[in-house]
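The next part holds the structures, each set out as structure tokens.
Both complexes below contain subunit A, partnered by subunit B and then by subunit C.
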Partner chain A sequence: MKGKQILSAIAAVLALLLAAAMPALAEEKNDIVIGGSMPLTGPFAFAGIQFNRGLRDYMEWLNEQGGIEGRKVRYVAEDTGYEPDQSVAVFRRITSRENVSFYFGDSTAFHQTINRELDRRDIMMTGASFASELNDTERYPLQFMHGPDYSEQVAILLRHIAEEDPGARVAFIYSDTEFGRDPISAGRETAEELGLEVAARIVTPPGAADISSAALELRRARPDYAIFHGYILAPIPDFIRRARQMGMETRFMGTYYSMDQSIIDEMGEAADGFMGVMPYRYFYEEDAGESELMRAIHERNDEYQTIYYIQAWVAGSMMAQIARETLARGEPLKGSRMRASMEGLDEVDTGGVIGVPVRFRGNSLPVGRIYRADVEAGRMVPVSDWIDLD
Partner chain B sequence: MDWLFFIEVSLAGIGAGSLYALTAIAFVLIYKATRVINLAIGEMLMVGAYLFFALGAGWSLSWWLAIPMALVGGGLLGMLLERGVIRPMLGENPISVFMVTIGLGSILVGTVELIWTSAPRSLPGFMPDEAIFIGEAFIAPNTFWGFVIAAVVIALFLLLFRFWRGGVALRATASDQGAAWAMGINVPAVYSLAWGLAGMIAAGSGILLGAMSGVSPEMAMFGLTVLVVVIVGGLDSVFGALLAGLLIGWMESVVGVYLGGEYEHLVTFILLMLVLLVRPWGLFGSHEIERL
Partner chain C sequence: MRIGSAKESYIADEALFATRTQWVWFALLLASLVLFPFVSNLYWLYLACLVSINVISATGLNILTGFTGQVSLGHAAFMGVGAYTVAWLDNNAQTPFYLNLLAAAGVTTAVGLVAGLPSLRVKGLYLAIATIAASFILQFVFINWESVTRGTRGINIEPPEIMGIVLDNPDTFYWMVVPIMVVMVLLAANLFRTRVGRAFIAIRDRDISASVLGISLPAYKLMSFAIASFYAGIAGGLYAYFMGSINPESFPLLMSIFFLAAIIVGGMGTILGGILGAIFMTLTPEVLRYGVDLASPFIDEPGAVLSPVRTIVFGALIVGFLLFEPHGLAEIWRRIRRFFHLWPFRT
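== the complex of A and B ==
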């Protein structure tokens, strides 16, 4: 009899626990899940940690605003170490246990590798890569970029040069990696179309420690502008210092991933005058208050936030807009349906972080602004209007 | 042909090669004394650079204080690795020891990422900034002073190796461990000394390299080219390391400018393949070098 009582008590407790858990389970089932393969360790961790914080904070803020059409948003991510095979493993793990609608990827290699799987599972993806190859709606129908692809970034720089200094001589300095080579041939064509002369193409081997001979090559070419691509920091400072030592007056420019505030902090004096393309407003920008998203970012953070953190907010905001549009059409949050809603958007909601109305061209948003490093002020300052390639 | 330009490119290459040579000496020193192929040499170099970064930028110490402290730190790291990881592996299959050094490399990279994150950093400047001209040929000051410092350190090392008691003990242990034991040389202490000195040299290379291109965990990749240098020069030949370092530095520089940067590593690895086919023990190495 005693045994029976104990069993009954256990059953009652279990029933209570189950009853308590049911609403939570039902609630979780209704959640919109955003998965992520995040490079929280490894060579890309400096950005990955910020992407992760940015997406987590954005989802938290979005839920405080009532979520998407009343549905909560849940962000689930794991570390990849910036290894494509690990990114794939994380993708499989998360998508097998969650009903994922959106995914955030960490590298071009992962975006390429996982493409078929995305099609199969009908999941929409964005991420850290701005590779030009991904800007192909036929081959990558379920992927989108929340900024200009690398070729478009170079095109924005070239357009600025052509306006400021028609007929200028331009050199491309890039790393011998898939990332580095990405925009070079398109960049040459764009330069020619804009009446600019390509004075040199200088390639540095991956991880090159010494760029002495490449700097001599640059001096021989004597370009008015040199555009770096495929680097984060090194060897940009070394090139600039050597060019100054050789008495060159070349103006140096970079693409998105070499444009964080850290370039000023790490390069010091040598950074002065360094320019580059940036699709988003910086944290400290004076007109940041015009942007709803920037205001929300400022409410949550007193200290400077990197461009990667802001990029993650933009990515989150675009996912939310695509989901809202799809739900408004009465469609399920499946990749192919969301693609159709995305294409129907007249204007993409970047929460004002991109300072002009934008819309997709293919899989990208071909808009950016030129900023210049002002070392005395200790910040990046805009030197052009927003340039829209569309 | 623009000969002045060719000379400038060659000088730049020899400057870069001096860093290969310096790091290769650290590699050869360990191999000669302990017969360990230390694949973590690039990571030891990276740790040295980060120590200088921490002392010079983090603690804001003057460079003349931060550099010796970073060198001592590099030396201590070398001795610690030898005593804690390599010595217990004595007598094991060389492949096992080789694999352990690969693991050590990963641990060092992971530790650096934990402490300083993987974000690239710049080192505090400590070299003169004025352009250097030899005749009409320009040499970047970093390259020039890097070469001068590397040359002085190598010369000092050779003198120590030749005349200092510890250097004699090192050479004796390298040529015959049994005989060295029999003559009363403390072989385990020699092991520690070799790893300590190699750690210091690697830290010095790391600081010079970091002064040129900044520091990041990726700078450990430098060790890969150093491996090519020592295989080409001969794993147990100091002279081979010096010559192969300068040769590969010069070759990469000339190839990079005249053929394009994408061919630099290709040509280096073709040279490696040719040497392995024709003289697998390297240009100046001993015939009895063990094949792995």
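== the complex of A and C ==
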């Protein structure tokens, strides 16, 4: 090895050490900092990129409005690749430089892992996971969801079914993952309470491309309704096409993460009539003008914005409200204090993106509305009122 | 410059550290490991703990794959067995953490022995597939044995406690995981000074010749699986304690590939290779974040724009190493050492 190469190797090592020792950048002391472990790459990037844009745009908008009680808000996030190890690393990296008040997480595993650390650092967190497991105020006192958890989403769907078609036969189709299995046992109980019959529970292996045997199982069960959970898009289109080919009349439904406009754009004709639960308004909704937040979103964007982008705005607006409430009480922005002021809220400010007044039940907001894919109109249209499980 | 290293006995020939200089360097390394927590923040301590766990696991896989030549893609699942053993004991028995860790290693060793049985008949790619099967079966068990694993909901683990000090943060956990890592690595290094270790190498180089030399292939192959699983069990148990929460998706097949990549990039069949590979694979994506930081004054939204680039650079670095440094990082290390040994003369 030549001397030059060695020198460059040594230089590289020195650079690394310097980088490691680099002191935290001096920042405005008075800023309210919102950190984020964002899945900008990896399997969840389609939503992560939108969360990131949404939170950034919301904070920009909020600062234009004068921030929170005159204090500026700063959003600091980094990529995690949707890996819990990296999500924790990002959390450590951001919290070692900044005095973070709020945090946005990216996966259920991360929400669970970081919980201890949240308690210690007294940081409030929300995020992409609507896992029922997290809806436990004893175990996760510093976490909240900005929508209904997965079990509640399924319960909203079931309640709609029970009203529309009492005694109907329902099937659950879900992926064999933490995400997919989440609401199934609670869903079965809710169905029984509502007088619905659970005709089948069909589980598909994670990432399975071939669903022929599952489709046959569905045909044998011949349910009136089938609820998908644990998928984004695939294999929902395939299921629906096969069911139509077999002449089945089953009505298909989905939960939040499979409810973006892309289901119509990518599925075409077959999507017609697909229904699902949505806690937020869509970008193109006609009465969107009623909502302050939706107006702000429209001012900034001419083109369609995904549900994840809007979700991030709602999350941001709830953080801002909790911070405002806590400061109004003369308390510091510490997680435990913010939790207390959060529980004191009579009404959660969603900027009108959720169409009815809502408040926390446990860690979640158990409210949503049923939307149906109208392929001719090319958009999702509401078919029910806002359903509040409270 | 080093002039001659005449060895007069077999013991001297087998020694881990041949010269006094090496002992000095080793002492310096240990000293810097001791000093590290005092000069770094929680982010770097978190990474140090993660690296230590990965070094233990990679060293285990290196014994099996690098030294014995048995390809395994079930390593992450074995870590899962260790992690779940710790989690179950932590939630159901009031045993101290070191017993839990040992139990994790024990259970994983037993599982590894069973998973290693196919190695008696198949090798190479076939064995890789057989170990993937073991990995899938274990994954299925993690998901469906709900009474023990709590299924997909995941299971929480309380942090370990030593003499009243709760090791619930990287700055305290460091003092447990790094000594364990050092001991495990030294044990592995010493293994190859014994008959067992040499038998492993003989099997890797030519199994038929090894058996002609009187090495019992079934016994030693299984022993290699057992030792590798022991390491995976310890690493998995530490991972469970460190993360505080695990679920069946904590140990995906991709993680097994991560460790295989680590020992290939680091250098198969050298102890140093496993260490350097684990450090490289864990830290490179993090260090590349500083590239993103550096670009931030020049690019709007560097996080969103450069994150995919970061992934690509990481991939390109791995390919680069395989192309230009097929013997891994350990070989670079050796070359640097040789340079100083021969200095001021040219190689």
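For this structure, a couple of remarks:
Just so we're on the same page, the second predicted complex is superposed on the first by the 363 of 390 C-alpha atoms of A that agree within 3 Å, B and C clash if a C-alpha of one lies under 4 Å from a C-alpha of the other, contacts with A are read in each partner's own complex, and residues count from 1 in each chain.
The definition used in the following text is that contacts are C-beta pairs under 8 Å (C-beta built on N, C-alpha and C of every residue); 3 or more make two chains touch, one makes a residue touch a chain.
From a predicted model like this one, the values you see are computed outputs, not experimental measurements.
Of the two partner chains, subunit B is the only one touched by A:238; subunit C is not. In the overlay built on the shared chain, the residue A:78 is in contact with subunit C alone; subunit B does not reach it.
In the overlay built on the shared chain, the residue A:41 is in contact with subunit B and with subunit C. Of the two partner chains placed around the shared chain by superposition, subunit B is the only one that A:213 touches, whereas subunit C remains out of contact. Shared-chain residue A:116: touches subunit C; no touch with subunit B.
Once chain A of one complex is fitted onto chain A of the other, the partner contacts of A:176 extend to both subunit B and subunit C. In the superposition on chain A, A:203 makes contact with subunit B only, not with subunit C. When both complexes are overlaid on chain A, the residue A:153 reaches neither subunit B nor subunit C.
Shared-chain residue A:267: touches subunit B; no touch with subunit C.
Looking at subunit A, you'll find residues 41, 49, 176 touch subunit B in one structure and subunit C in the other. Residue ranges of subunit A in contact with subunit B, taken from their complex: 41-46, 49, 176, 202-217, 219-220, 232-235, 237-238, 241-242, 245-246, 262, 266-268. Touching subunit A in their complex are the following residues of subunit B: 5, 8-9, 12-13, 15-16, 19, 110, 113, 117-122, 129-131, 138-143, 209, 212-214, 216-219, 221-222, 249, 252-254, 256-257, 260-262, 264-265.
Of all residues in subunit A, those touching subunit C in their complex are 1, 6, 9, 16, 19-21, 38, 40-41, 49, 52-53, 56, 77-79, 81, 84-86, 88-89, 92-93, 95-96, 108-109, 112-113, 115-117, 120, 133, 139, 176-178, 180-182.
Remark: subunit C residues 39-44, 46-47, 50, 143, 151-154, 156, 159, 168-170, 243-245, 247-250, 285-287, 289-290, 292, 301, 303-304, 307-308, 310-311, 335-336, 338-339, 347 touch subunit A in the complex.
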